[in-house]
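The data blocks that follow each hold one structure.
In the two assemblies presented below, subunit A is common to both, partnered first by subunit B and then by subunit C.
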Partner chain A sequence: MRRAIVLVVLAVLAVAALLVPLLGDYYIHVFALVFINIILAASLRPSLNCGQLNIGHSAFMCVGAYTSALLAKHYALPFELTLLAGALLATVVGLIVGYPALRLRGVYFAMVTVAFVEVIRLIAAIWVPLTRGNSGLSGIPKPNLLGFTLVSKSSQYYLAVALTAIALFVLWRLERSRLGLTWRSIGLADNLAQSLGVNIAAHKLLAFAVGCFFAGVAGAFYAHFIRFLFPPEFGFLVATNILVYNFVGGRGHFVGPIVGATFLSLLSEPFRGSAYETIFFSIAMLLTILFLPGGLITLPGKLAELRWWRATAAPTPSPAA
Partner chain B sequence: MALLETRGLTRLFGGLAAVRDVDFTVDKGEIVGLIGPNGAGKTTCFNLLSGFLRPTRGSIVFDGESISGLRPHQIAARGLVRTFQLTTLFQEMTALENVLLGLHLHSGTSARRVLLSRRDFPPDEIARSREVLDFTGLASHADQLTRNLPHGHQRVLGIAMALAAQPRLLLLDEPVTGMNLDESGRVMELVKTIRSRGTTILLVEHNMKAVMGTCERIVVLNFGQKLAEGTPAQVSTSPEVIQAYLGTGVAHA
Partner chain C sequence: MTAALLLQSAIIGISIGSIYILMALGLTLMFGMMHIINFAHGAVYMLGAFVIYYVFFQGGAPYFAALVLAMVLLGAFGYLVERSVYRPIKGGIEPTLVALLALTTFLQAAGYPVFGQLDKHVPPVFAGTRNILGVMISVERLMIIPVAAVLVVGLYLFINRTRLGAAMRAIEQDKEAAALQGVNVHVVNGLAFAIGFALAAAAGALMAPIFKLDPMMGEQPLLKAFIIIILGGLGSIPGAILGGLMLGLIDSIVATALGAEPAFLLSFVFIIGLLLFRPSGLFGHA
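For the complex of A and B:
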């Protein structure tokens, strides 16, 4: 029964996603960005489940974006290769940074990731010969997939849908597998996990690397979709937004970050790029902490509880009585 | 031959010796108790044996191999598995998931299993976990969230997880503390059954009745040093031990 409901919801969402291009270019653009945010938010989850608060996830998106863009621009490589290269380089950078940083816990690790995202942004801003710095990198070709250039916005949108579906499938399977269970166990009680033979350093690094890989995927698509890269778009604020998607959506279930990313990206759309965006995200985070600590995914349960309270407080006479 | 042997085991915290020059052995198939008044160094001793602390001096030899300085997961992989005081469990998971995690050392995972299998866990791992739950009397609670289990069941679940790791030496840290007579009696029966199935046991416990009734040999620590060692009868009549527990006033009385 529950399985059937899940399948129906998934089918409805899939059809809705495929129908978006009928609404026109503006909505295509908005929803493609939603899908990028979904990949980013969901790929933060493995690390969060290990109990590691990563506030620098956009750094790996940045690495993926510039890698893919530069390879396509200067070497005319196809998208399937530049995407892979971007994701792999993001993973390698993640492993290099994560190896020492993941020994730190809690707020200390979080601070390293904040420093890291700013370092990457600065590198992108300062390394002018390669990245064009703060003038921005333009002239990025449209995605060229398997010999076909995706000229239209709607075809690029479908690429985003496909990438999101693949990323979510892999991340979901990982979460449900023994690896996912082990990662959660580290987040819940790392000393106990160790005593059962779990190499927590290796597992935290693996979870982190998986997240970096998919952040790289999101970045690579972003580069060829927007076709203009600008270092400040990968800064600390973007990274905190990714974290906020997870908390507002809910940490307790795989769909949390997906719900959070969708809900917040769409609601914040009128403020995109303005100072109000930060205010909006701050308020969303505050409201969540105050009224819905489990995130939006706990809302149906809370409402049901409320209805139950009302029903018991004012019992309606039953017809039998 | 001794399964576990410590020589001159010492751990300093600053200038304070939490454990100093402790020698003791645990033979294969024994149930050994480690007792002592509060602050005697029992927990430090456990943390040293299980790799959560490194010894300042001295050696720990497990099954002929030195394990001092190894990390906790490496020690667990060699067959020395510990439980924790109170309720260190994966509270937000079901009892079954907790035991599945106990199987960590004896499980495999592959890309094919993760991406292509329709089942989250191989049936034999589920079956083994259920067997362990059955053996410890928790079978009917398999799918309950751990934090919703009564205290006594949580403590037993901690033992069940350690058992799933198939230890050769099981270190139990206060397995019956906070339990009523009935519960502690059942847990101590469980401990004996575990031993009869081939697992050697070293336990720290405050509940004297449980220790005396279960252990064949007892090591008494006081102020970080070994005070006495022997059978429950020998230890409980030793003047030094009585003095350590009750104070000098009574010993002289």
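For the complex of A and C:
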């Protein structure tokens, strides 16, 4: 069943990657944002696998976005450099704030990550000479990749696809590696992992830094795609959305956040900008948590179970018959 | 900064701190018993303020009657949330957290179509200013302090002097042992939800005549309450009270000197710094 789900998800992503540009600029825009959300959601997984509930991921997206945008705008650096700089600075900031925070467990950590979001957002809002504060940073150049400026929306879309493919590949390989198994063991039983000689703090920090790096990548692309940055765009709501993608999609498998990000981004799209976007979003979230605790990826399994139950239950004659 | 200005911001700080204490007490109580962080607390604060808007301002009811009504209505809502969200999840900490986040975003987003897009204002309830040690403070802000104090003392007496309060303390110490002694854990947890929601509603109702009302108004007090309970130690009631007063004072004095956003930033930096040296807060033991 899992294998089938993975294949279906991969097939859908591949078809979307190839066919969406034929549908016009609106769909290109929507799906590029879906891919950004996929990177963000998948990059939260290493931390979640370590048992760290991170509700502050949008802070690192914010660092990546502003770094890349400012370097490209003021120094006309190419996208490959600004992307790397944004991702690395997001990682460094992640290491600086993550080091003290990772000594905390469970709910304490979750609440401190909420504080990160506010700290980064407030810095972006207060540091007006650099970020233009709450008036927003505009005039961000289009991505200039290897000497070519990606003028058309569809070329930028393929860039998003490529970045998503690379990010997912790296994250997937990491999760399947010995390192990923160690992370998982910390999430399942950190005392036991420690007793086997695992350096918990170092591994948690590494998982956190990996997540920050890819959040920075997503942010950098976002900056050059939307070409306008506004501190409230990186607030608490975005951070919780990233977490929610993981829970709604399902925490049990690597494709969970991918399914969650795609499903929720597309579901709320018709209502984008209105309050109903968030209303639908939150209802979907609540229903999934209450009735499908394993997330959407467990839905096919549940349906199959139901069908099997009906098939076995049907031949039994009812007492009335 | 002159001495008079300092005194004035200190008194206003205590008044804001009282609001923070009301928010933080419910959070810390619910954490102590159920190990959950109620993200919906800010949305409940917002709903409390809107009850004042509709019942006191539009409906013309007496202010304190509206305040009590807000606490009763939202307390009942809290019990309902325990029954329909917390209990079915059976204590899973992460799913509960996400479900409460969902509830929060739902209440906030639904606020726009229900309450309208424009900010609402509640006219002042207590007009005028009072001279305290030579500085002028608006009665509106002063009134918050005794009302909050009554609620805090009431909660203290309830927890320490009644059978239900003893049941709450028992659950906080050991849920299974409490259940074995005949404590109905579900009902008492529901009561903790109701108390937490009612206190948050009271905080919102007290702030309604001072700040403008909009569906996102609970976000800042919620984040402040998070800082306070981290500062005071999760689950600690004295910690929440002391932390609330400290943060109220820091907020008011630094905001007067430097502006609101740097004050907010400073409180976050302060908390991250504190956690470096005392990972379980000032009064925490876990």
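Just a few scattered comments:
By our rule, the second predicted complex is superposed on the first by the 299 of 321 C-alpha atoms of A that agree within 3 Å, B and C clash if a C-alpha of one lies under 4 Å from a C-alpha of the other, contacts with A are read in each partner's own complex, and residues count from 1 in each chain.
Here is the rule we use: a contact is a pair of C-beta atoms (placed from the backbone, for glycine too) under 8 Å apart; a residue touches a chain by one contact, two chains touch by 3 or more.
Quick caveat: nothing in here was measured; it's all calculated off a predicted structure.
Touch criterion not met for A:Val30: it reaches neither subunit B nor subunit C.
The wider contact with subunit A, measured as residues touched, comes from C rather than the other of subunit B and subunit C. In the superposition on chain A, contact of A:Leu122 is made with subunit C only, not with subunit B.
When the two structures are aligned on the shared chain, A:Leu266 is found in touch with neither subunit B nor subunit C. Of the two partner chains placed by the overlay, neither subunit B nor subunit C lies in contact with A:Val92.
In the superposition on chain A, A:Thr278 makes contact with subunit C only, while subunit B stays out of contact range.
Of the two partner chains placed by superposition, A:Leu145 touches none, neither subunit B nor subunit C. Once the two complexes are laid over each other on the shared chain, residue contacts for A:Leu290 go to subunit C alone; subunit B is not touched.
By the touch criterion given at the top, residues 53, 97, 100-101, 103-104, 106-108, 110-112, 114-115, 118-119, 122-123, 125-126, 236-237, 240, 243-244, 247, 275-279, 281-283, 285-286, 289-290, 293 of subunit A touch subunit C in their complex. Looking at the complex, you find that subunit A touches subunit B at residues 170, 173-174, 176-179, 181-182, 184-185, 188-189, 191-200. Subunit B meets subunit A in the complex at residues 50-52, 71-73, 76-77, 81-84, 88-93, 97, 100-102, 104-105, 107, 109, 113-115, 120-121, 161-162, 165. Residues 31, 35-37, 85, 88-89, 92-95, 97-99, 101-106, 108-113, 219, 223, 226-227, 229-230, 234, 261-262, 264-265, 268-269, 271-272, 275-276, 279-280 of subunit C are the ones touching subunit A in the complex.
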